[in-house]
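Input: one structure, supplied below.
Order of writing sets the labels: A, B, C, D, E and F. Residues in every chain begin at 1.
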Amino acid sequence: MTSREQPPHQPLAESVLADLRAASVATLTTQLLKRGFRNRAPVGLQPLRPDLKLIGVARTLRYVPAREDLATLEALASPEHPQRWLIEHVRPGDVVVMDARGDPRAGTLGEILATRLQQRGCAGIVSDGPVRDAAGIRALEMPTFCAGAHPNANVTVHHAADVDVPIGCGGVLVMPGDAIVGDADGVVVIPRELVAEVAADAAEQEREEAYIHQRIREGDSIVGVYPLDEATRAEYYARRGRRPA
Amino acid sequence: MTSREQPPHQPLAESVLADLRAASVATLTTQLLKRGFRNRAPVGLQPLRPDLKLIGVARTLRYVPAREDLATLEALASPEHPQRWLIEHVRPGDVVVMDARGDPRAGTLGEILATRLQQRGCAGIVSDGPVRDAAGIRALEMPTFCAGAHPNANVTVHHAADVDVPIGCGGVLVMPGDAIVGDADGVVVIPRELVAEVAADAAEQEREEAYIHQRIREGDSIVGVYPLDEATRAEYYARRGRRPA
Amino acid sequence: MTSREQPPHQPLAESVLADLRAASVATLTTQLLKRGFRNRAPVGLQPLRPDLKLIGVARTLRYVPAREDLATLEALASPEHPQRWLIEHVRPGDVVVMDARGDPRAGTLGEILATRLQQRGCAGIVSDGPVRDAAGIRALEMPTFCAGAHPNANVTVHHAADVDVPIGCGGVLVMPGDAIVGDADGVVVIPRELVAEVAADAAEQEREEAYIHQRIREGDSIVGVYPLDEATRAEYYARRGRRPA
Amino acid sequence: MTSREQPPHQPLAESVLADLRAASVATLTTQLLKRGFRNRAPVGLQPLRPDLKLIGVARTLRYVPAREDLATLEALASPEHPQRWLIEHVRPGDVVVMDARGDPRAGTLGEILATRLQQRGCAGIVSDGPVRDAAGIRALEMPTFCAGAHPNANVTVHHAADVDVPIGCGGVLVMPGDAIVGDADGVVVIPRELVAEVAADAAEQEREEAYIHQRIREGDSIVGVYPLDEATRAEYYARRGRRPA
Amino acid sequence: MTSREQPPHQPLAESVLADLRAASVATLTTQLLKRGFRNRAPVGLQPLRPDLKLIGVARTLRYVPAREDLATLEALASPEHPQRWLIEHVRPGDVVVMDARGDPRAGTLGEILATRLQQRGCAGIVSDGPVRDAAGIRALEMPTFCAGAHPNANVTVHHAADVDVPIGCGGVLVMPGDAIVGDADGVVVIPRELVAEVAADAAEQEREEAYIHQRIREGDSIVGVYPLDEATRAEYYARRGRRPA
Amino acid sequence: MTSREQPPHQPLAESVLADLRAASVATLTTQLLKRGFRNRAPVGLQPLRPDLKLIGVARTLRYVPAREDLATLEALASPEHPQRWLIEHVRPGDVVVMDARGDPRAGTLGEILATRLQQRGCAGIVSDGPVRDAAGIRALEMPTFCAGAHPNANVTVHHAADVDVPIGCGGVLVMPGDAIVGDADGVVVIPRELVAEVAADAAEQEREEAYIHQRIREGDSIVGVYPLDEATRAEYYARRGRRPA
C-alpha cells in the first residue's frame, strides 16, 4: 500500500452537475476530442442499469495479479485491506473505479460491498472486470458499469494493491478526482481541471443537437444541418432567440 | 474515394422478400452451407432490437484506421465525406453495412444519422463496430446490428475511405447489392445472385422444420425425425397434402 | 468415438439439491476456493434466462475443429452421431455441457434439439460457444448458458468427436458426473465427490451472508461485519438461536 | 482415459515419404485446397528448428484444463499417466501432436521427455502450446513445432486426459494416423486416406513450380507463367521431355 | 475492382532517401509524434530480414474475407486479378503493402511472386498477415515485414479486392504514395506530404542522439543529457562545430 | 507519484546467486509449484539474448495508459519523471521490471536508457511490452526480456505513474525486491522471502535431473526414472556417493 491518506473531498459544483446531467456521454467525448483527447472512454464496459446516469468523482482501486499466499479470503478481514479501506472511506458523490486489467476470470465486487457503497452515498461503480452477484447489484439504485458478471471472488485472480492512485481502466487513464460520467453508451473520464468547461460546452452542444435532431426528424437532409452550416446556424440562433455565450 | 456513382437500384423482388420473411437467419445459413458457403454470417454482432427482422440490400461503407490530420470533426461537414454521402444516397430497402475492422474503441454511427437513414427508408444498419447513442438508435423502429455501444465519435479511430465497394464485416465478405437478413441470431449475407433460390429453399426448409418441431414437441425422438428419414418425410408430405415443388 | 456406454445414472441427492437451490453460484465458488480450487467457473458464458437456476449433472459433448468431409449436414442423420446420440441418452437431471473451444463462429445447438432435451427432462444446457435459434431456446423453460447467439450450424466449424469424456468448457475442466450449477452470474462446475459438503457449506454461508447483508442494509460498517469478527459472529449465532453444525 | 490400446502401426510408405520430402508444406496445403480442405494447417505454431523437415504419423495427446487436485506433479509418476504412456508407446515415425488449447501459460513437454521421444525414434513434436527447456529441445536433431517457450510445468494449467483420439491443434482437426508434415512455414495435417495422392500431386506441383520459379528468376512476367497457361505449359513439358502421369 | 489506373510514379527524392537511410524507424516515429501523429507504426509485423533496411513508396493491396466461389486458385490466372496486376505494375522503389486484416490463417504472398517483385525493382514487402515460403523469401535480398509464416495460399481466407487505395495495415492508415521505412524495430508509414521534413529532422535527431549515446557510454547520467538541457546542448553544438539549420 | 524513497538495497546472497546460476527457470517454476504457486512466470515475454542468463532483484516501473496532455516528450526531461528517476536510482544487481499492460503499440525503453542501465550495473530488463531500438539493446551484454520490438516512444501509449510498487507483468505479481531469473524459456518471479530455499531445492533438482537425463540418453525408459522411483533414486544416491541434505 503506498498511501492511505484520504484525498481532499472536492465534490463537483452544482452548476457542473447540472451541465453533466444535460449532456450525453457521447457528447462529452466529442468535447474532449475537440481538446485533443482521443482516449477518455474505457472499452469493454457495460451498464448494469442503462436507465441510471452516473455522475461523480473518481476514487481508484488498483488490483494486480493474485499471488496464492497474499490474495486470500482471510486478507479481506483487515480494515486496512485496500478494497475494504476504500469502501469505508467513500464519500457521497464518489465513484469507485477499479483497474482489474480487464481480467474476465473473477468478479471485482459483490452485492454486500455494493450495498455498503450505496449506504455511504457512493455515486456508482466502474470496473473493467466483471462483478459478482450481478442480479443483486442491478437491483440497487446505483449505476454500475462493468465487464458483465462472473461468480469468482476477486481474490481468485486479484490482489488489491493500492487506492487513490492513477490507474488504467478499460485502456483509459483515471486520475483520482477525475469526473466520471456514464450512460447507456458507457463511461467517460474527464480530467478534473477540464470538467467545468467540457460540461458547459457539452450541454450547449446538446441543445444544438436537439435542434438538429428535430430538423432531421422533420425530413431535412443532413447537408448543411449536421453539422450546422452558417445559414442553418443562423436559423437555429433565431429559433432559440439568442446566441450561446 | 474511389467511386461515387450511385450503384443501380435493384431492390429485392416481392417474392424473395416473402420467402426471406418466412426464413430464419439460421435456416438461411444452412441453405448457404449446402451450397458450399461456410462463412456468410458475421461474428461479433448483436441486434439492438432482436424483435425487428432486417431484410434489405447492402450498401457498404469502408472505414480504415484514422490519421489525426484526416479524421477530424471538420471533415464531416463535407457532403462528399463518404459516410455522409452514403447516408444521403441511401434508397428505400438499402442496408448500410460498415467495415469498422471490429474496433471496439468508437461508435460508427450515432442517433442523428440513424434517424436520417430511417427517414430515407433505410432497411437497417449493420456494423462490426459499436454505435453511439445506442439508446436513441434502439428507440427507432429500424433494426441495427452492431458490436454494442461506445460513446466515442467515429473519427476518433476511423477514417471513412470508401462507399459501395466490397468490404469485410465481422469476418465476412459483403459485396454491394448482397442481400442482408438479420434476426435475433445475427446477420447473414447472401450473394445477390443466389438470393432467390436460397430464400425459396429456406422458406421450404422452415415449413419442414415446423413439422419436425411439432413432432418433437409431441414427444417424438429425433431419430428419423430430425433430419426426416424417408418414412417420416412421407408422413410430412401426406400431412401437408402435397410435395414441395 | 471412444465410448458409447451410457454412464451410470447418479442423480444428485435431494438434500444436495436443496442446498444447491439455497446457494448462489458466487457462494459456491467461494466454498471451492476455500478448498483450493481457483478455476471452477467457466469464462465467457451468459445465461439466456438469468431468471432460471440451473442445477444438474454433467453429460459432456466434445467438439473438435471441423474437417470439410466429416462435418456435414448428412452426418447428423446418424443416430450414432455423438451429438444426436447424447441427446437421445440424456436422463432427467442431466446437463449437456459442450466443449466448443470458445469458437464464436457457429451455434452449437438449435431450438429443435433443445426442445427434445427439454422433453427428455434435461436440466439445462451449457456451451462455451453460441447457440442458434436463441430466441426459441430462450422461450423454453430450461436454463441455457452460452456465448450468445450465432446462426451458423455447428458443422460449419465443429466436428462432434466424443461424449461422456472429460472436457474443457470456458477454460474449466468438466468431468462427466460433475455437478453443474448456474445463475445470473454464470456457471460453476463442482467435482462430484465434493458436491455434498460444498453445497452444505455454501447453504450455511448464504444464511450467514443474509445476516451480514441485513446488517449492512441497516447501515453498519463492513468492519467486523463482513467478514464477521468474533463478536459479531456471536450476535449472529444469538439471533439465529443456534450455532451451525 | 478412454483408450489405451496401441493403435495399429501404419507407417507411411517409402514412396509417399519420398514425395513428401520433395514437397513444401505450402504446396501440400495447395493440394488440399484443391480437394476442398481449407483448414489443414494449424495457426500459432513455429518451428524450433526450421532447418529440419518433419514427416510422420500423428499420435495425439489431449490436454484439458487442470484441476488442482488432479493435475499434480505426483500424477506424472504413473506409467498410466496419458502423457507418459504415450511417450513410452511411440513408435519410429510417429509424431506426438498435442492439443493444449493454445494456452500460453505452460510448457507442454520438456527436454527429458523430448530426449526419450528421440530415443524411441519419434519423428517430431507438434504442440499448440509452448514447450519448456526450449534450448535443450532445440539442440535435439528432432523437429519440434510449438507456440514458443514457457517455463511452467504442464500440470500448472493442463490435465492430460486422453491419447490417440481426434483432437484440435492450432484450430485444425488431427486424427490419429494422419500424416504430419512440417517445414519453416509451419505444419500441415493430411487426412491419412488422402496422403498418397496429395503427396504425389504436390511433388509434381513442386517440379512445375521449380520451372516457373526459374522462368521468373530469368526475368519473365508472371502473366502466362504463374500459373502456367497452355502455351507455357507446353514449353514446360517440352523441357521436361515428358508429360506428367 | 475500383481502379486500375497506374498511379503517378513519384519516387522519393535522393536527399530524402539519404535522410531516411540515416534515421532509425524509432526516430522517425518520434518526429511524427512531435507533429501529433501517434499511430504510424503498424503492430504485429516482424522483419524477415532485420539486417535489411526498407525504404520506399507504398503501393497498396486490399484483401477482404474470402468467399468460396470467388477466392479460388483459378482466379489467380487472370492478369487482372488485383494481386497479380499490382505485382506486374510495381515500379522500382515501390513497396507492396497488404491489408490482410491481421488474419493469421494464410500466407499473403509466396516466394515466386516475391521473386518477381524483386525482379521488378520492388523495394520491399509489408503485410499484416503471414507470408508463405518464408525461407525462400528470406533468402531474397529484399526486406519483408510480415506476421510470420503460414503455409496456406492467400485464397484460403482472402479475396483480393483492390489496389492503390487507402488501406489499414497493422492498425495504421496507409495511403498510396506514403513513404514506408522499416528496420529491426518494425515499419513506419510517413504521410507523403511530410516525408521531406520528417526525414530531415529525424536525421538531425540521429546526430544529436549519437552524441547523447556517446556521453552515456562514457558514464554520464541521463539527467541533463537525455534529453539535452541547455548547457549540454551548447556543448554538443560546440563539439559539432555548428548549430543545425 | 506515490513514493520516491529509494528502497533498501538487499542484493541476493552469493550462495543464492550460485544456486540460481545452477538452476533453469523451468526448474525454479517447478519448485514454486510444489509450494502452491502456479502463476510466477509471465506470459508473452521473449529473451532478446537467450544466451544470457538474468538474475537480479526487482525494481518496478508502472505504466498506465497515456493521456495526451501528460504523456509528452517534454515530460521526459524531468529527473523526477518516474522512468528517468528509476533509471538513475538503479543499483548493481537490480532488474528493471515494467508493467506495460502487454500493450504492443509502443516500445517501453530504448537503447540510450538501456545503455545507461548497463553503466549503472543493472542486471537486466523485463517488460511485458516491446522495446525500441531492439537491435542496439540486443548488442548490449545485458539480458532483456520483452514482447518483441516496436518503434514508438513509450509516451505514445504510456504514462509512467509509479516506481517501486507492486505491479503486474505478463499476468504475474511482481513485488519490489522479488528475485528475477530469466533464461531461454522466459522469466520467473520468486517471492523474496522464499528465494533461498527455492534456489537451493532447484539446484538440487537440477543435479537429480542431470542424472535422469543421462539415463534417458543412455536409452532407459522414463518409467521409474522420471520421476525417480525408490529403486532408481537409490542408484542415484549411490552414484552421487551421498544423499542430499
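The working rule: a contact is a pair of C-beta atoms (placed from the backbone, for glycine too) under 8 Å apart; a residue touches a chain by one contact, two chains touch by 3 or more.
Since this is a predicted model, take the numbers as computed values, not measurements.
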| item | value |
| --- | --- |
| Labels of chains that are neighbours to chain C and to chain D | none |
| Set of chains adjacent to chain A and to chain F | none |
| Numbering shared by both copies at the chain B-chain A contact, with half separating same from different | different |
| Option in A-B, A-C or A-F whose residue-number contact pairs overlap C-D by over half | A-F |
| Centre distance in Å when chain D and chain E are each reduced to the mean of their C-alpha atoms | 33 |
| Inter-centroid spacing, chain D versus chain B (mean Cα positions, whole Å) | 39 |
| Between chain E and chain B, distance of the C-alpha-averaged centres to the nearest whole Å | 36 |
| Junction residues of chain C - those touching two or more other chains | 38-39, 171 |
| Inter-chain touch pairs (all) | A-B, A-C, A-F, B-C, B-E, C-D, D-E, D-F, E-F |
| Chain F partner contacts - residues on chain D that touch it in the complex | 73, 76-77, 79, 84, 87-88, 104-105, 107, 110-113, 115-116, 119, 132-135, 148-153, 155-157 |
| Of all residues in chain B, those that touch chain C in their complex | 24-26, 28-30, 33-34, 38-39, 41, 43-44, 46, 50, 171, 183-188, 209, 212-213, 216-217, 219, 221-223, 226-227, 229 |
| Chain E to chain B touching residues, read off their complex | 2-3, 36-40, 64-70, 101, 159, 161-162, 165-168, 171-173, 191 |
